[in-house]
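Each of the next two complexes has chain A plus one other chain: chain B in the first, chain C in the second.
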Partner chain A sequence: MTPAALSHSRAEAFPANWLKRIGFALLFLYVLYAMSTLEITWERFVTGLGHADEFFGRMWPPNFEATKLDLLKTGMIESIQIAILATFVGVLLSLPLGLLAARNLMPEWVSWTARGTIALCRSFHPIVVAILFVKAVGFGALAGILALIVASMGFISKLFAEAIEEMSLKQVEAVRATGASFWGVLVMGVLPQVMARFIGFAAYQLDSNLRNSTMVGIVGGGGIGATLFTAYQRFDYDFVLTILMAIVAIIMVSEIASGWLRKVFQ
Partner chain B sequence: MSTGENAVAPRTWEAHSRGERLARFAVYLVTVAAVIWSARFVEIIPEFLYDAPQQTVDLFRRMWPFDWSHYPKAVHAALIETFHIATLGTLLALVLAAPVALMAARNITRSRALNLFATFILVSSRSVNSLIWALLFVAIFGPGALAGVLAIAFRSIGFVGKLLAEAIEEAREGPIEALKATGASPASLLIKGYWPQIEPSFWAVALFRWDINIRESAVLGLVGAGGIGVALEAALSNLYWDQVGLILAVIFAVVIVVEIFTSAIRKRII
Partner chain C sequence: MAASNENSALEIRALSKSYVPGKPVLKDISLTIPANGITAIIGPSGTGKSTLVRCINRLVTPTSGAILFKGLDLTQLSGKALRMARRRIGMVHQEYNLVERLSVMENVLSGRLGYVSAWRAFLRRFPQDDIDRAFGLLDAVGLADFATRRADQLSGGQRQRVGIARALMQAPELLLADEPTSSLDPKTSVEIVELMQRLAAERGIPVIINIHDVELGKRFASRVIGMSQGSVVFDGPPENLTDQDLATIYGGESWLAA
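Coming up: the complex of A and B.
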């Protein structure tokens, strides 16, 4: 057999996928089209970069004056308090809501009502919920707390319900067979199987609430976001940088802490 | 061990060791202390609370009926803009996150310092909220969609990059070694060895983030970064609550449609 014939008999190692190439081409065309409708142009980008130079010049060096640090500390502590309270109440409310939404434990009409509530909590961005709560209960930390409670309920209940639906029903049946009451089944059959994951979700939510509590202040929900927004509006960009650095640092610490928390309950 | 010994001292069964119980107890204690501390010192003004139910009822009464005539005037175009911002932002994030993910993946970049540096970029991107990213980009590029796209992209780098780096680290070594044995260049290793393995999770992550970004880009306009949030901000500051209600209903509808759409695609590709 000649070498040429041999190479013919083999399938090509990496055949061209024309469907995929056309897909990428269409995606590229879409990007061009969307950029033209949004009036994103190269000139605008370059002009912006000139501003960026000035902007960073005013940001650097970060402002560490004692009065500013005091403001930073007050705002940060309030953010942490908002996050802790919102997570705590959110988790407490998610426990029953998640149970009600689990389709393998509850009758259909109950689980669908609970699922509808969860979907409603999830579909609005926390900032929109915060706007509504600022109108309802006024400016301050309470509006932020309430908004983040809603967000926590949407997130934790959904994952919790899914965790319950994935659990093994054998243990539940075993407990039921002993003649246990509904509460007995719940406490001895269901919770031991899903509690570790639930605490994992709660730890993650504490993290996420801390992140979001830096933001609700922009619409009047208290916390470090309010401090940041005020500094931004007064063009105190060097203080803005200080606040941003503090936020990144605290989120890093909280990520490490929540990782540790998950390990404890594994 | 003799059986006699077992018979004398009945074994006690414990689910957790002493250390585990102590750690858990410490967590409970810290939780309770933290909640009490927060509840005592957080500033809540009770006077504002008395008329809260009344204010809430008032809010919804002013929202209904929606001002439908406002939709073709200002909301529709803003909605399309929001869609473009979310999509372009997600695509830009994918492009920017890929090199950072490669740098963070320990099986590709064999330098601990570079891994840590990449992780630092990813964490910073995630810890700054998209609204705060938007503030920064509005200050640099001025109000408009460009700031929105960049805010969405920079916020998403952390999320996409982290999940991509994990997918890369989970890639099997077999195909890579086979390619290495043929003398493939590092670029071919990436394109023909790693990419086919991580492609499904790459698109799943992209889809997931796009879903989130539609929600996020709907509020970026509050700080002037384009999209339907600009219309929301205008309606809010003019106290046109019937327009606010309409815009919230539109956002709700879009989020539901996008969620149904993405979960349908997810079912097909996974």
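Coming up: the complex of A and C.
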């Protein structure tokens, strides 16, 4: 038998998946269609580059005047306060909420109620929530803090509940077999297994709250975002650059700090 | 409710368990466990040995029947009464089941959770008496220097020693062991069963042990119970266990050494 005939008798090594091919083709066609309806053209992009060049030209050099630095400092400190307070309260509230949402510890109706609450917290972007709170409690840091508490609860409770659902039930069962109460099992069987991950989530959330806290100010939630927005509106582009640089610096510092925090608690 | 016999640790009456209705794992089991010594339960995998032992401390709820322990019917308990009964029954688990991220000391003290409030446990403020006893038990199982090590840093044999210390920390009136040696090498297996036997005998605690290793069971047990397909097919002292009985328990004969 010739090699060609031999290979014919076998199944193809990489059979064509027509469903996949048609899927990609449809996606490609949709992208073209969407671009045509939204009037995205190369021309507009090129003129845009020119504007951007002019914009960056007006930004440089950054403005380091004493009065500006004062504004920057006040805004920055407020942002950090918003982030830390929101993370602290959010994490504290996530602990019971996540526990209630864990399907392997709670009866179904409890976990579904808790899951519904979490889903509600997660369904809106922090900015949307911040707008609601600004309307409810007025301009300022309180609205920003409340918005970020909601965001933190949505994020941490969900991950915490998942961590609990992934823990080893055998270890929990062994603690239960000693005659421990529900709380005893929680303290010595459940928490030791999930605490390190919970602290990891909290550190990550602090990091992301710092980033978000620079944003809630734009809609009136206080902090450096407010300063940034004002600077934009007054065409103080050199001060805008100063603020942006400060934000980048603070995010980097928090990145390092949260990595260090996670390492301490493995 | 009839009181259990004075010189028995446990009386099992007509115990049945079906996880799926109509497919019983345990079929009408009646046994009296003596008040001292080791009772070894042998039998093929999936024959319900583990279910039987776990029915006793109610990690599994039996379908019907009674288990009499110190005048209590364990099958009827729930809530606080069940926890009060559980703390009198120690258990050594198949894969040690230590809480890996806790220290050896914390794992041993978990044995007191039936007596110490969750709040005190959370603050790690266990009574000094308990801490002294925990150190004593760690000494007895040969891990005196390991108290502050995290459980996941120990070897299999060391972990099972901690498991034994945790169970004895309850000051139990009955010790259950569910395949305590199945994850261990042969030498460590012998050491673990020997240790369990010695510590339980010193404290006058009867032991029920599920075991794969027939020779090991025969060597340390004062009584052997053979199970097959959810029923007891042999019950007697180890010296009475013949090749014929083993063939009945495990099925076939070709695997028996000539």
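In this text, the second predicted complex is superposed on the first by the 238 of 266 C-alpha atoms of A that agree within 3 Å, B and C clash if a C-alpha of one lies under 4 Å from a C-alpha of the other, contacts with A are read in each partner's own complex, and residues count from 1 in each chain.
The rule is short, and it goes like this: a contact is a pair of C-beta atoms (placed from the backbone, for glycine too) under 8 Å apart; a residue touches a chain by one contact, two chains touch by 3 or more.
What you are looking at is a predicted structure, and each value in this text was computed from that prediction instead of being measured.
Touch criterion met: A:Ser181 reaches chain C, while chain B stays clear of it. Counting residues of chain A touched by each partner, chain B versus chain C, the larger count belongs to B.
Touch criterion not met for A:Trp112: it reaches neither chain B nor chain C. In the superposition on chain A, A:Glu173 makes contact with chain C only, not with chain B. In the superposed model, A:Ile247 makes contact with chain B only, not with chain C.
In the superposition on chain A, A:Trp60 contacts neither chain B nor chain C. Contacts of A:Phe24 after superposition: neither chain B nor chain C is touched.
Those residues of chain C that touch chain A in the complex are listed here as 57, 59, 83-91, 93, 95, 97-102, 106, 110-114, 116-119, 121-122, 163, 166, 170.
Taken in their complex, chain A has these residues touching chain C: 168, 170-171, 173-181, 183-189, 192-193, 195-196. Across the complex, chain B meets chain A through its residues 20, 23-24, 27, 31, 34-35, 37-39, 41-45, 48-49, 52, 55-56, 59, 80-81, 84-85, 87-88, 91, 123-124, 126-129, 131-132, 135-136, 139-142, 144-146, 149, 192, 215-216, 218-219, 222-223, 226, 232, 236, 248, 251-252, 255-256, 259. Interface residues of chain A facing chain B in the complex, by the touch rule stated above, are 14, 27, 30-31, 34-35, 37-40, 44-45, 48, 51-52, 55, 77-78, 80-82, 84-85, 88, 119, 123-125, 127-128, 131-132, 135-142, 145, 211-212, 214-215, 218-219, 222, 225, 228-229, 232, 237, 244, 247-248, 251-252, 255, 261, 264-265.
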